[in-house]
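Okay, so subunit A shows up in both of these, paired with subunit B first and subunit C after.
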Partner chain A sequence: MRFTIAREKLQEGLAAVAASIPGKTTLPVLANILIETTERGIRFSGTDLDIHVSHEVQADVERPGGITIPAKKLQELARELPPNPVKIESAGEQKVSLECGRAKFKLNGLPKDDFPQFPAIRFGDGWRVKSADVRKLIKHTTYAVSTEESRPILNGVLWELKPDHMRMVATNGHRLAKMDIAVTGHGAQASDLIVMPKALDQVSKLFPDEEDLEVARGDNHLAFRSPFTTIFTRLIEGPYPNYEQVIPKDNDRFAIADKDALSSALRRMATVASDQTHRIKLSFNAGILRFQVNTPDLGDGQDEIPIRYEGDPMDIGFNGAYLLEILKNIPTPEVRLTFKAPERAATVEPEGWSDPATYLTILMPLRLSD
Partner chain B sequence: MSRIAVLASAVADQIAAGEVVERPSSIVKELIENALDAGATEIGVEIEDGGRGLIRIRDNGVGMSEPEAVLALARHATSKIRSANDLVGVATFGFRGEALPAMASVSLLTLETSEQDGAGTRVTVAQGVRQQVEPIARRRGTTITVTELFHAVPARRKFLKSARGEWRAISDMLDTIALVRRDVRLTATHDGKTMFTAVPARTWRERLASVWPGVTAQTMIDVDDVQGPVHVRGLVEQPANVGLGSRRVFLMVNGRAIRDVGLVRAAEAAYHSTIPSGARPSLALDIRVPGDAVDVNVHPAKAEVRFHDRWAIERVVEAVVRRALGVAAAAPMFGARFGAERTWSSGGSVADVSLLRAAPRHSPLFPSGDLTSFEVAGDTAVTDAHADTSQSALQPVGHAAHVSSAPAADVIEVPPLLQLRRTYLLFERDDGVVLIDQHSAHERVLYERLMTKLTGGDAIVQTLLFPLTLHLSPAEADAFEAHRDAFVALGFGIEGFGGQTLVVQSVPMPHHRFDAERALRETLASLAGDRIASTAARHERLAMTVACKAAIKAGDVLSLAEMRALYTDLAQTTLPAHDVHGRQTIVQLGWDELERRFGRA
Partner chain C sequence: MTADAREPEYREPRILLADADAFFVAVARLVDPEGAGKATLLIVGGRPGSRGVVCSASYEARAYGVRSGMGISQALRLCPGAMAVPVPRGACSQKSKEIRDVLARFAPVVVAASVDEFYLDMSGTEALYHHEPLSVTAQRMRAAVLADTGCRISIGGGTSTLVAKIAAGAAKPIPGSGASGVHIVLPGGEEAFMRTQPLSEIPGIGPKAQERLRSLGLVRVPDVLDADPAQIRRYLGEKLATWLTRKARGIGASALHGRDQQKAMSREDTFDHDVTDEAALETELQRLAVRVVADLRGDGLRARTITVKLRENDFTTRNASRTLDSAVSTERAVFGVARQLLHKLRATRRKPVRLLGVALSHLDDGEIIEQLSLIPDASAAPSETPRDRALAAAMDRVRARFGPGAVQPASLLADTAPTSVEDRSETDGPRAVGPRRR
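Let's turn to the complex of A and B:
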């Protein structure tokens, strides 16, 4: 293998795959980056076995081949190189020499064949979607996933691809976020996928809004592709809980509040709320929302903000941290909340959103047992 | 004729043989110990048919003269002690003078011995009766051959196991001896095949590697520590390897291999929270205590000893093993806190609280400035957005007690904390360094909170979008029924309990890492089978179990805010120094101790 590459292109390729390289690993080759020549130049790949990212950049290839090199060292080195073309040549299966201006280096690597392969996925049968749409879904839902180990299915984000719309849903059993975006003619048939949030993070980072994205599914893998970047990821298997069933249909109390006013009142209350439960009591009345926190051993606090409210007055407790996180992702200045009863699911939605997408979040209350 | 008569010595020997010569392995053991006491450096063991056919032990020890050889086969003849006073602190393996005559009384025993290469003696004894004494030519050392074992005692012979079973017992015993005396070359054959070879080893690790093939001796952790008069050395398995290979345990007290459940339990307790419950580590420990702290003459086969202060020694073993596991090898010993009472109701709690509450000196490595700026940054954000809010709302959490409506609690100033090994929180005080075990500490905090809820306090309950469904075993279902009210008081909203399926609609939320399903499952599993009558005791047991299952674990990375919260919460508990299992949550290392270790004192 021998090629010459612009320093910036080398840095670009390394930066793209760096995040997919695990910090700590028991399999030494995973700390390495795979460098291979292609028809268009050089392909960089990294994987933690859950997710596999590759990115192609332009380079002058003299002799085809491939090798793996410790990612961290190569990245440190690339950062410090002078602004000259970089000449990279393999010396045997496990060594690579690198020349840039008058600087010369030799790095020890591992053979290309040690690098784990991801199963081939045929993009021909896949979907074509807009990167901007996918990124929007990711941004508004992934925060709600669970990190508990006992229900691994909730550690993933549900992605439904339907002929006329896409939907993402994430929940940890206490709160849920769901967004729908209408699409036209994305190709293949309907499918439900459960995707790891860290794979979606990579998708958000590596595919800019303006790109068209090809998405294809293998047996239990999913692949995303743009002209230069490919991401493979394992899918989480199993049935996703029936979330449609828990979306409240008969909530008959409504409140509309200013999102910033609500958020800042919640943040104030949070300072005296319990570190463990973050419980904040909200009292909804016509025209006014009162907040109350009383934490034994710590202190108490009250506050109020003006709101629009319809329905019988009601007190309800929430985990303030959950509610704040939801509000952070609400895309409109005003937010609409609906309730049925203090122990029933509440919904939080954007109010007056002119976007074609629809967004709904559900929050389960924190109750004081009696 | 008198109904009471003194037993003939042959009968007495046979009775003694019942204790000392239980089976072939005990003969091998006695004979090898004799060889070692005779200063042998090479010992060969030959076994046929699991010991039924032949047992032969060859050594290169000092040997015996002809009169000595004859006397050796007489009861209570020993070269090792002279009077009862010598029993205190006895250092040789054998001393009771029972073994040889006892063996000879139930077998055909041939003793060949020589004090120097050349002239030697052969004594033959058949079923307790001396047959002949004749001169022979042989090398220095002693060879004892035992055949026709239990020929005259068919009842005993019937109780022997298969040749394989007896060989296994012999082989276990050889392992033990090889570990006690790593300087000795020990070889053994069974039915002509070489089964065991231990060459003299420089280190214990080397010996362990050859004696315990299923245990990864290379990665075992060194233990070597002195606590008062007790010196504990040895190797213990790395927590990560526990349960992967076979499990072996070896204990030695003052050079003598012993069995002792209490010491093993103490060493295992040191692994708590580092290995899954139920997994048991391999251990090889050599414990040295003053000769007068232990009585070895309590068991004919000397497999057990009696400590004058067992509690103290177990405590040292646990502490020493835990330290070897938990703290970097170079770290110094625990200081003043170590010897503290470990009982529940110890009056030490006041001092413990002060340990957490006294103002710490700031560590130069971790200046308080970092923390202050962290806090200020957070506050500034709030201040900017709401310059008009009341003063009290702006107080950072750590100081909010100033405006608290709660009873005037002491302000707990939280020192800069550092998380070590994702397991301990460390901070510095005027008089030394203090470590908190995060799991134990959290367990203590949760336990006290849960007890409050069970005795009538409020519980905060998170309702669930998707009810949890748990399928229980009959024993778990019984456990749930027995504790149903208590579970409800803790905040578990459980509906539709029919038969063995639980549907959980809401769960308590003691902290944001809480995994309700797992905690409930594990709690029911460990409560299953409990038979506790009184409600108070049941509540206590439930709170302990839930606290243990719900607490953050060793290995959880804590944020700065979580560490601070845990510190504050722990300081507010009534018994901060101990977790619900009675282990310490706090350990202090005094500067004086540190200085002593570095040779500065």
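Let's turn to the complex of A and C:
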């Protein structure tokens, strides 16, 4: 393998795959980056076995081949190189030499065959979607996934691909976020996928809004492809819980609040809320929303903001951290909340959103007993 | 207080650490004056041939290399002439309480750091003791404890818990050391005192840390204090370097917080014989869960994190833990989670079990706040209902009146569980330093 690459292109390739390389691993080759020559230039690949990211950049290839090199060292080196073309040449299966200007390096690597391969996925059978749509779904839902090991299925984001719309749903069992976007003619048949949020993070990061994405499914894998970038990820095996049945249909108390005013009041209250339960009591009344926090051994606080509210006055307790996180992702200046009773699911939605997408979040309250 | 020429020098904090000398040995001798009382070479922890570990040993036996934590059989190989007796558990808690009561006559604040260590805050008591030197008061405390309880204590003193703790070590009247049982480090003398100490005396520097420091040429306190601070920071990182330098100068907590909340509590048993039967393990787990939950409720606390500890016959120790959404305090909830954790541990490795333990942490005494579920978790451990809590409260009332064994889960009544030789309950809360056993 021998090629010459612009320093910027080398940095671009390394940056694209950097996040897929695990910080700690028991399998040494995973700390390496795979470099292969292609017809268009050079392909960089990294994997943590859950996700596999490849990115192709232009380069002048003199002799085809491939090798793996410690990712961290190569990145450090690429950052410090002078702004000259970089000549990279393999010396046997496990060594690579690198020249840039008058600087010369030799790095120890591992044979390219040691690098784990992902199963081949046929893109021809897949879907074509707009990157902007997928990124929008990801941004508004993934925050709600569970991080607890006890329910692995909730560690994933449900992605439903239907003939006329796409939907993403994420929940940790206490709060849920769901967004729908209408699509036309994306290709393949309907499918429900449960995807790891870290894979979706990579999708958001590596595919700019304006790109068209090809998405294809293998037996247990999912792949995303744009002209220069490919992401493979393992799928989480379902079934996903029946979330439809927990969406409240008969909430009959409504509040509309200014999102920033509500968020700042919650942040103020959070300073004296318990850092374990984050409990904040909200009292909804016509025209006014009162906040109350009382944390033994810490202190208490009260606040209020004007709101529009319809329904009988009601006190309800929430995990303030959950509510704040929901508000952070609401795309409109005003937010609409609906309730049925203090121990029933509440919904939080954008108010007056002139977007073809629909967005709903659900939050379960905290019960105060004894 | 009126302006007094001597006042400024008395503004310093005055912290003492009273530490019972070879406490378990002393108590074993008190309860069995004819047997253990006459044995110079005495090991406390279990009978010969038993599976216990050394809890404490007489200074004479320690000279043979006997150390806390080693198996009884190994200890007896090192010191063949020694007598080995089990821990007189009830007598130890009784003596511990008696010692504490005597100390409370002298000090306004007494905080037990373990069964045989007590921190005393004597700050502001100067006039009460007619401005006598602290060492004189401390000697009177020793005499009173010996007269009333039959136990000898050593007392260290200084302006912080750290200095008091290390001074107590220096005060120990170990044969040949020439120490008098009291060592008070006067205000301003902390650094000079610390300079006489090895770094290993500083609480928090365990064997691993000692090894690392030794590899950097840091063995005694002066090695740290006389080194270039920038170099220490480079070696250890900013945070650790700051911590170590402060400790090396003798800077530590200068007031006691007796009512600080505990951070964890646990119960564990070492079995007489390795246990391989899964049902017996589960029964033992339930027994531990019932006991640790009784401790938990006794202190009016609830716990969010449950940990199961397993030590196998090859001395491999493994833990599994889970943090729940809401804090719990009932046997049903704790045992339910502990059982799942035990299954998880046994699923990965199924060796005979030597020790089993249950620990509770993320303790909380606030209101019971329950995060309601949107999507109920069928696979999750049974959570705690108000009914469970009412039941637990009722059982507590029965036990308070008729004794701890009055109400038991039926599965614990059949005496199928292996008997244990060691039982301890630990807390990591208020103390400035960890528990110490000898």
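As a convention for this text, the second predicted complex is superposed on the first by the 369 of 370 C-alpha atoms of A that agree within 3 Å, B and C clash if a C-alpha of one lies under 4 Å from a C-alpha of the other, contacts with A are read in each partner's own complex, and residues count from 1 in each chain.
Here is the rule we go by: a contact is a pair of C-beta atoms (placed from the backbone, for glycine too) under 8 Å apart; a residue touches a chain by one contact, two chains touch by 3 or more.
Everything quoted here is computed from the prediction, not taken from an experiment.
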Would you mind checking whether subunit B and subunit C clash or fit side by side on subunit A after the superposition? clash
Thinking of the overlay built on chain A, is A:G301 touched by subunit B (first), by subunit C (second), by both, or by neither? first
Partner chain(s) touched by A:A321 [first = subunit B, second = subunit C, both, neither]: first
Figure out whether A:N220 sits in contact with subunit B (first) or subunit C (second), or with both, or with neither. neither
Partner chain(s) touched by A:S150 [first = subunit B, second = subunit C, both, neither]: both
Have a look at where A:H174 lands relative to subunit B and subunit C in the superposition and call it first, second, both or neither. both
Does subunit A have more residues touched by subunit B or by subunit C? B
Once the structures are superposed on A, label A:T271 by its partner contacts, choosing first (subunit B), second (subunit C), both or neither. first
Superposing both complexes on chain A puts subunit C into subunit B at one of 45-53, 135-143 or 171-179, namely 45-53
Once the complexes are superposed, what residues of subunit A are shared between the subunit B interface and the subunit C interface? 148, 150-151, 171, 173-176, 241, 243, 246, 274, 276-277, 279, 296-297, 317, 319, 343, 345, 362, 364-370
Report the residues of subunit C in contact with subunit A in the complex, numbered from low to high. 304, 322-323, 325-327, 362, 364-377, 379-380, 386, 389
Would you mind writing out the residues of subunit A in touch with subunit B in their complex? 147-151, 171, 173-176, 241, 243, 246, 264, 267-268, 271-272, 274-279, 296-301, 303, 317, 319, 321, 343-345, 362, 364-370
Under the definition above, what is the set of subunit A residues touching subunit C in their complex? 148, 150-151, 154, 171, 173-176, 241, 243, 246, 274, 276-277, 279, 295-297, 317, 319, 343, 345, 362, 364-370
Residue ranges of subunit B in contact with subunit A within the complex: 382, 385-386, 389, 392-397, 400-401, 403-406, 409, 458-466, 488-489, 491, 506, 509-513, 515, 517-518, 521, 561-562, 565, 572
